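Shared chain: chain A. Partners: chain B in the first complex, chain C in the second.
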Partner chain A sequence: MGTVIIDGQKIEIDDDQPLNGIEAAKLAGIDIPHFCWHPGLSVVASCRMCLVETGRTDPKTGEVSMLPKLVPACQTPATDGTVFLTNSDKVKAARAMVEEDLLVRHPIDCPVCDKAGECHLQDYHFLHGQPERRADIKPFHSRRRDVGRSITLFVDRCVMCTRCVRFCREVTQTSELMVVNRGAHEEIDVFPGFPLDNRMSGNVVDLCPVGALGDKDFLYSQRVWFMTRHAHVCSGCSTGCSVFVEENQDRIYRIKPRENPNVNRWWMCDEGRYGWKHVHDRRRLVQPRYRDNQQWVGIEWAEATNRLNAVLRSANNPAVVLSPHMTVEQAYLLATHVRQLHPQAALVLGYIPLRSEDTAFPNGLTIRGEKCPNRRGVQEVANGLGGEITSWDAFLERRLAKEQYDVVWIAGGYKKDWNGALTVEKFSGVDTLIVQELFASPLTDRADWQLPAAASFERSGSFVSESSRLQSFVRALRPPQGVMAEEQFYWQLAGREGLYNGSQLIGEIARAIPYFEAAVDGVPELGVDLRVNQLA
Partner chain B sequence: MKSGDHDIKWLDDPKLGIAERLYVPLILSGLTTTFRHLVNSLRGRYVTVSYPEEEPQIDNPLIYRGVHRLNRDERGRVKCVACFMCATACPAHCIDIVASESPWPDRDKYPQSFVIDELRCIFCGMCEEACPVDAIELTSLYNLTGRSREEMVFDKEKLLSVFDRTKDQEPMQSTQPGEAV
Partner chain C sequence: MAEYEPVLLASIGKEDSHRLRVYEATGGYQTLRKMLCESTPNNVTDLVKASGLRGRGGAGFPTGLKWTFLPPNHPGPIYFCLNADESEPATFNNRILMEQDPHQVIEGLILSCFATGAETAYFYIRYEYPLGYDRVQAAVDECYAAGYLGKNIFGTDFSLDLYLHRGAAAYICGEETGLIESLEGKRAWPRIKPPFPAVEGAFRKPTVVNNVETVACVRHICDRGPDWFRTMGVLPDPDNPRDPGSFGPKLYCLSGHVERPGCYEAPLGLTVDELIERFGGGVWKGRRAKAAIPGGISMGLLRHDEFDCPLDFAGPGKYGCLGLGTAAVVVMDETVSMIDFLHNSCQFFAHESCGQCTPCREGTSWALAIIKRIQAGKGRLKDLELLLEIGDGIGIIPGTTICGLSDGAAWPIKNAIRKFRDEFEQYIRETNPGGYARISPAIALQEAEHPS
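And now, the complex of A and B:
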């Protein structure tokens, strides 16, 4: 243990946890302004915004001796006896000077800039900058050039913090971005013919403290202060990155990574970042309907609940296919309901979309080849309920022909086509096929009941990642008109009262299935590791 | 916003003197104004006008808050940079903008569509106040009528045509972007 004094406040720190001045000040609730420092990248101490006064306490006499010069807090370790002064006149003058220097040639086109409202330079100007502009030039335009498939660079807005350059060197290790020229002519650029094109390139936009790097997908589509942030979990692969979904009036505008040291740290991949377009696709199914003499008949959800319950009750040998896109709660509600009616009902783990190998980034995250968020959770729910669990392939190839299922319920929710005529053929012997899907597919055409599914951002529930971390989330936006989210539908189907109650249900699951035991007291913001109890 | 900012003037509530606290003197001074207007109108100096037979006189069109216009720059293009400041400031939420990348090399962003619902507007002038490039201005046109609600929803073309109609009587307050910042 050691003691660090920051602006007179004494902070206890661990010796085995190396902190710098910025991190130690954060523990004291003091925000030291900074541009170039980022916890996930190496320290360069080049922006000079975090300059503070520092000194040491003499361990014998307790006397404090200060250094005459200012030091960058990001590069100064906070060890036992270190003293920081972050609000003296000297520090304030230095900050105002750095801020003024950065703004001399920074175009004041904040109204046009997408970063306005979440820009560090803007915030720090109001907090630490000079009240009046002394320079006689007033630049308003920035040169712009594309640096990659999805990223564009507003050259003159850059403050040369080089976070993006370090990210490409240290995290993705592709080194596309670099600094060209020197001194006041420094610019970020790519080598001709080698654009910024890697699987995590979108992160440089989040890293940029100003509006220099822009996301072409988001560019000019919405002002940041109109959007509401919702904590959610990415459904792109089985890593389950913590994300923020930013929406306005039920329309997603962008996805941003949410810091989670156990899962994705500060990053997320481009596939997840831009993988929300299907949510607003006009071709989505939005009407529950059933087939009556080869004619589709639309039906209300309340009536569908009653009639589907009747179908399930009168079934002789039903099978339920649980999709790896379902949440733990949805799988539990549907599986327990069917098992209650038919204790021997078959549970099938649905089709698992697999693409490519896992890709691990140093100091970063792993992009999994398994392109579904909750294979593990659904499997463990099915395992926990006992009885036989079949894989999708075994179900298609052998069981369907052998077991003579009369009612098959397929809960889908896949973003892309995943079945074809060959799959459909296998279901020829099934009397009643109930399919829940986002988009029409050969299987929904064959179905006797078509139920529209909700996209993952429209669902509440929990996903279990590949590393057994359970993360809960509440829906970020409402499903389109006509769609009822599965958790609410299954809740009604199971005859439960009122509205879906996620926190109560996850407690119930934790008590019923030992694998989920760690979630019994609720799920913290950053999730809970389900292996904790198994190891003990 | 810093507390030590020289541009911010902090005011306290005015202290009440003995006359204010006695109540009656203030009532009397208020009634004096009322009676002055009464006497003036008896002498034939009316404040009201018989609209529509008689048109009101607008003293200073630059501060009058009538129909909006969207200004054009020196090349005849819409001056607006689609920054959404007016839509953000608007207390009635009557401005709807769709921004897009501009087709001109010297500009970054422009409004693909710019719509004001004149029926929802409360003519407070906050949009004009908020605009960083003086692109939206309130003119002195006050007789705003229409036969349907749709007609009263002004799109970009209509707002630009208001500018073409009023630009000679009411010149723009600035010509260069950034000038009014």
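And now, the complex of A and C:
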């Protein structure tokens, strides 16, 4: 243990965890402004915004000797006896100077800049800038050029922090971005013919502390202060990145990574970032309906609940297909309900979309080839309930023909087509096929009951990642009219009273299934590692 | 002062002075042979330390001390970089050595590598010296052929490979870590220190970076001994415990308004007056001097009444300048406008700022814009305060930048305005009588340059 003194506050620090001045000050609740430093990237100490005064305490006499010059806090280690002054007149003057310098050639086009409202340059100007503009230099440009498929660069807004350049070199290791020219003529650019094109390119926009790098997918679509941010979990693959869903009036505008040192650190992949378009697709199924003499008949959810329960009760040999897109709670509710009616009911782990190999990024995250968020969670729920579990392939190829299931309930929630005519053929012997899906597919056309599903951001629940981390979330937006999120529907189907209660339910699951035991006291913001209890 | 016999420049101007046979005829590489065969690396380091040799590149850091910062008993490799990126305006002492006496430099370089344990040396020469490049390359080839470079020099255990590396014309490559980055094939952005190059330098290995003239001095220290070296120069200031003194001969580059510009060798401590009168033949056309740059443009300015300033490592600092720098003196006579001088200086630094640290990148270009406007006759008196504020704000002395080259950008601004304030104020009043005091916001630069 050691002691660091920051503006007179004494902070205890761990010796084996190296901190710099910015991190140590954060522990003291002090925010040191910075542009170029980022915890996930190398230190360059070039923006000079984090300049502070520093010194050392003499361990014997307790006297403090200060360095005569300013130092960047990002580059100065906070070790036992280090003293930082972050609010002296000298520090304030230096910040004002750097802030003024950065605005000398800045176009100051905040009214038309996407970053306005979440821009560090803007915030720091109000906190640390000069009251008057003294740099009377014309003209202001606002040149723009695309550096990649989805990323555009507003050249003159750049403060040359080089975070984006370092990200491409250190995390994706694709090195597309670079600095060209020298001095005040410096610009971020790509080499001709080699645009910014990697699987995590969207992160450079999050990294950009100013409005220089823009996401063309989000550009000019919404002011940041109109959006509400919801903590959620990405459903793109089995990594389960922590994300923020930013929506306004139930419409998603962008997805941003949410820092989680155990899962995705500060990053997320482009596939997940832009993988929300299906949520607002007009072709989504929004009406529960059943087939009556080859005619589709719409039905209210309350009525559907009763009639489907009747179908399940009268079934002789039902099977439930649990989709890896379901939450743990949904799978648990549906599976326990069916098993309660038919203790021998077959549980099938639904189709698992697999694409490509896993890709691991150094100092970053792993993009999994398994393109569903909760295969492990659903599998463990089914395991926990006992009995036989069948894989989707085995179910299709052998069991369907052999076991003569009369009622099959397929929970879907897939973003894309995943079945075809061949799949449908196998269900020819099934009397009642209940399919819950986002989009129409050959299977929903064949179904006797069509139930619209909610997209993952419209659901509340928990996902278990490939690395056995359980993360819980509350829905980020309401499902479209006519759609009831599965957790609420199953809650009613199982005859539970009132509204779905996620925190109560995960406690129930944790007590019922040993695999989930670590979640028994609730799930913290960054999730809980389910392996902890298995080792014990 | 007694007449001084040049040592470093002894062969300059002689026929074929750049050839190995000429160099060998004057005792060349004998010192190297003696040291390699009869002495030890520690002994060479001790000689250099005892001599009090300080780096000739500009900062004046004690060379022997720098060498001892290398980690002891390092398994290697250790690299030696010779800084021949001589880009400081008005400086050409390395150029003369490289073009006319490259073997002297190479012998000093080999001795320095022997002392530091480096078995690979990089000779980083600036792009703008094509003749120097050719001559040094020819000299290196001659050395390999003669066995002064390569494996087991003189049959000893010591081997050295020397690579000549040509820069791409950037002032920043003269900064030692900028040079290392450039050598590694990267953008020459100086590194944050620590770690210092002696611990982690080129290719993340311990590295020494020394100037051309410094290693040339090493050759003569090994030849004539440290006592000879200490007979010249200025003793340490007894009132300043951190002053190690300034010993040895120095190459002074004299240019500007003097009758005989050139590179002259003299013991450290020569005053500006002596340099102009004894070597330069007086101010050009018998005019009066107005100011002089003491050691390259980045060191600031001396007024004519400060010409008694001794040109040693401590001297110019006492007269408000940054330091001795490269000891390149530029004399300006009474016809020179200080506004023009400052404009020229600001233009250079705005062009050469590497652009890594915000205060230097933006400060230098902003200062240039302001001085341009003053020059165009649209200045205001408060612009001078702003220029001084910019000047005082940048550099490693206030701690706002990574490297010391931005101090060099600040000093001409600070010195020119503080030492010639009357001239600036008078110029602004005369050229902008209507609005020198008030107009705010100022007329934008574009309009100032092209009035409609």
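Structural remarks
Just so it is clear, the second predicted complex is superposed on the first by the 532 of 536 C-alpha atoms of A that agree within 3 Å, B and C clash if a C-alpha of one lies under 4 Å from a C-alpha of the other, contacts with A are read in each partner's own complex, and residues count from 1 in each chain.
In this section, a residue touches a chain if its C-beta (ideal position, glycine included) is under 8 Å from a C-beta of that chain, and two chains touch if they have at least 3 such contacts.
Quick caveat, the model's predicted, so the values are computed rather than measured.
For the composite obtained by overlaying on chain A, chain B and chain C can both be accommodated side by side without a clash.
When the two complexes are overlaid on their common chain A, residue A:His141 makes contact with chain B while staying clear of chain C.
In the superposed model, A:Asp101 makes contact with chain C only, not with chain B.
Of the two partner chains placed by the overlay, only chain C lies in contact with A:Val179; chain B stays clear of it. By the touch criterion defined above, A:Val71 lies against chain C but remains apart from chain B after alignment on the C-alpha atoms of chain A.
Of the two partner chains placed by the overlay, only chain C lies in contact with A:Ser46; chain B stays clear of it.
Look at A:Val532: by the touch rule set out above, it reaches neither chain B nor chain C.
The superposed model places chain B and chain C at 80 degrees from each other around the C-alpha centre of chain A, with the value given to the nearest 10. Ranking chain B and chain C by residues of chain A touched puts C first. No C-alpha atom of chain B lies closer than 13 Å to one of chain C in the superposed arrangement. In the superposition on chain A, chain A positions 138 are in contact with chain B in one complex as well as with chain C in the other. Interface residues of chain A, counted against chain C in their complex, comprise 43-49, 51, 67, 69-71, 75, 94, 97-98, 101-102, 104-105, 133-139, 159-160, 179, 181-186.
Of all the residues in chain C, the ones that touch chain A in their complex are 170, 187, 189, 192, 350-359, 361-366, 369, 386, 389, 393, 396-402, 441-447. Across the complex, chain B is touched by residues 108-109, 111-112, 126-127, 131, 138, 140-142, 144, 219-221, 223, 225-226 of chain A. Residue ranges of chain B in contact with chain A, taken from their complex: 1-2, 5-7, 81-85, 88, 99-101, 106, 108-109, 132-133, 177-178, 181.
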